[in-house]
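The two complexes that follow have chain A in common; it is paired with chain B in the first and with chain C in the second.
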Partner chain A sequence: MTDTFEVPIDSDSDVVVVRQHVRSHALQAKLSLVDQTKVVTAASELARNTLVYGGGGRLVIEAISNGVRRGLRLSFIDEGPGIGDVEQALTDGWSTGGGLGLGLSGSRRLMDEFDLESAPGRGTRVTVVKWVR
Partner chain B sequence: MTVHSEADRHRIDVLLQDQEERITRRWIDIAVANAGGHAARGALTERLREIYPALQRALAKDGENGELRRLLAELSRGQARQGFTPSETVVLVLGIKEAVYEVIEAEEDSETLRGYHWFCKFVDDLGLFTFETFAAARERIITDQAEQLLELSTPVVKLWDGILAVPLVGTLDSARTQVVMEKLLQALVETGSEHAVIDITGVPAVDTQVAQHLLKTVVAARLMGAECVVSGIRPQTAQTIVTLGIDFGDIVTKASLAEALAYALRRSGVQISEGSGKRVVVGVERA
Partner chain C sequence: MERVPILKLGDILIVSIQIDLQDQGVLALQEDLADAVVEHRARGVIIDITAVEIVDSFIGRMLSTIASISRVLDAETIVVGMRPAVAITLVELGLSLGGVRTALNLEKGVALLHSRDGVDSDTVTR
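Our next item is the complex of A and B:
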């Protein structure tokens, strides 16, 4: 059984709204304070990528369960230019936008599961999961 | 049945095509009359003339109305920004039913009437959509205003002679962080201060963007001969920053604002000692 919630990401203030929704879902999922902060921070990174590089998109928040554990799954979806070299994009310090280049790689470390699907011209979908400990 | 309705729809398509100028004009008149006294005719005319062909295309393609929706969303946002009510906005769209009715009034064949009936349902859906986007736009405006308020209320305070502090509160988006940082740099120049404490106790998430702004500010302040201390990094924030991979380099960080102040005071040559009775005694070394 999943419980789904969707948030559009089309402006800077939407990124703020994303953080607020993710925080409240993380709280509801009973994640620890440290994990809540990690999830909100990763969401902030991925949402901004969706906005800045993906040209906008949406976030799908799901409360999930694998039978043993409960968790929170976040999917950031855009129909932007996509990422040509995923390996490179996931390298610490790599940025095409003058950033620190830590958003993607850092989010991968902050979350328990990280999946990046992208192809040039076909958009990007980043799915991350945090399990409740 | 489907053949029937195909023909009905076609009748409306043709009508909208043939009577384009007449219908648009009436639509604009009706819209202006219904939209409350403060509607600007010029702007409305432009919008509706843009929407009309999109509506025709949507009707012809049957449901494929992305462009139409985009235009209607734009219309709602504009209306919301200008302070119109939801109903003043929705009647703009619904007005086209009346305009079309005036054209078909004279015709009596059942095909046209059925076509019109179908057209009305289509327009009603658009009205509903307009209402929804209007509500969303209103909400957006309210959050934006709340944020702006927050921005205006971020103060740069003078803690001590030569020591400024800026407490950052709430979620920091790029624009707001930039404003805060610019304010701080400016205040450093104006007051000739050599120390600044940036307190992030009130920031729930320090991500790469916030970190980058912090790093840039510290570097800029350094170039101006001032030193920054970052205070109020909470344990969960510290762990997150480390996992994210952000390197604060040689930036001095302190757990609390008080510690940061004590540090800055020491650096500026003020000596602090805790005397008896927990009184804080401050002595200035430099004249």
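Our next item is the complex of A and C:
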């Protein structure tokens, strides 16, 4: 059973809208306060990457269940330039944009599941999951 | 774009972030604060984040940058009111907030700045 919601990411203000929607879905999923904070923080990082490096894209929010547990799945999708070296991009401190290089690696730590699909010229899709404890 | 007001209390500047700022607003606050420190010859800057629900790498970098800029301008920055969930998340994200001092609340932040001044003048007169 899934329940899907989509948010466009095309401007600075859309990143704020992403945070608002993710927060309300995290609340609805009954995540703990700390987990809500972690999920919204990761979403903020990933949405900014979609905007800045991916040239814009969208977020798909899904309420999911694996039969035992319920959770929240977020997919950040863009059709931008993609990432050449995914391993490198996931390293703490690696940035091509003068950032701290913590967005991807930090989001991976904040979430329960993290998946990055990307190929040069074919865009990027980052999918993360938080399960309700 | 929404701007965060900067209040002046003696030689201390106080900023309370009450809205979910977009990145441009965060950068504007950083510039406004640097200007205000110079203009008012402030000795301290207090940033109240009691109402802030998340601190991501962008806001975290702003806090560190403000702390560095004010230090160069001979002012000290203190971040007050960080929520426990925000602190836990920051650590896991990997943000160290280098050079940023923190206090539990506004009152303690102001006291910290004043005590620093006290210690300073004490050392000088000795």
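Annotations
We take it that the second predicted complex is superposed on the first by the 133 of 133 C-alpha atoms of A that agree within 3 Å, B and C clash if a C-alpha of one lies under 4 Å from a C-alpha of the other, contacts with A are read in each partner's own complex, and residues count from 1 in each chain.
Methods note: a contact is a pair of C-beta atoms (placed from the backbone, for glycine too) under 8 Å apart; a residue touches a chain by one contact, two chains touch by 3 or more.
Predicted model only: the values in this text are computed from it and were never measured.
Superimposing the complexes on chain A yields a three-chain arrangement in which chain B and chain C clash. Judged by the touch definition given at the top, the superposed model places A:S24 against neither chain B nor chain C.
Touch criterion met: A:G106 reaches chain B and chain C at once. When the two structures are aligned on the shared chain, A:V15 is found in touch with chain B and with chain C. Using the contact criterion defined above for the overlaid structures, shared-chain residue A:T41 touches chain B and also reaches chain C. Using the contact criterion defined above for the overlaid structures, shared-chain residue A:L33 touches chain B and also reaches chain C. Contacts of A:D92 after superposition on the shared chain: both chain B and chain C are touched. Comparing which residues of chain A touch chain B with which touch chain C, the overlap comprises 12-13, 15-16, 19-20, 23, 33-34, 36-38, 40-41, 44-45, 48, 92, 99-100, 102-103, 105-107, 109-110.
Every residue of chain C that touches chain A in the complex is listed here, in rising order: 20-24, 53-58, 60-61, 83-86, 88-89, 92-95. By the touch criterion given at the top, residues 11-13, 15-17, 19-20, 23, 33-34, 36-38, 40-41, 44-45, 48, 92, 99-100, 102-103, 105-107, 109-110 of chain A touch chain B in their complex. Residues 12-13, 15-16, 19-20, 23, 33-34, 36-38, 40-41, 44-45, 48, 92, 99-100, 102-103, 105-107, 109-110 of chain A touch chain C in their complex. Note for the complex: chain B touches chain A at residues 140, 143-144, 147, 171, 173-175, 204-209, 211-212, 235-237, 239-240, 243-246.
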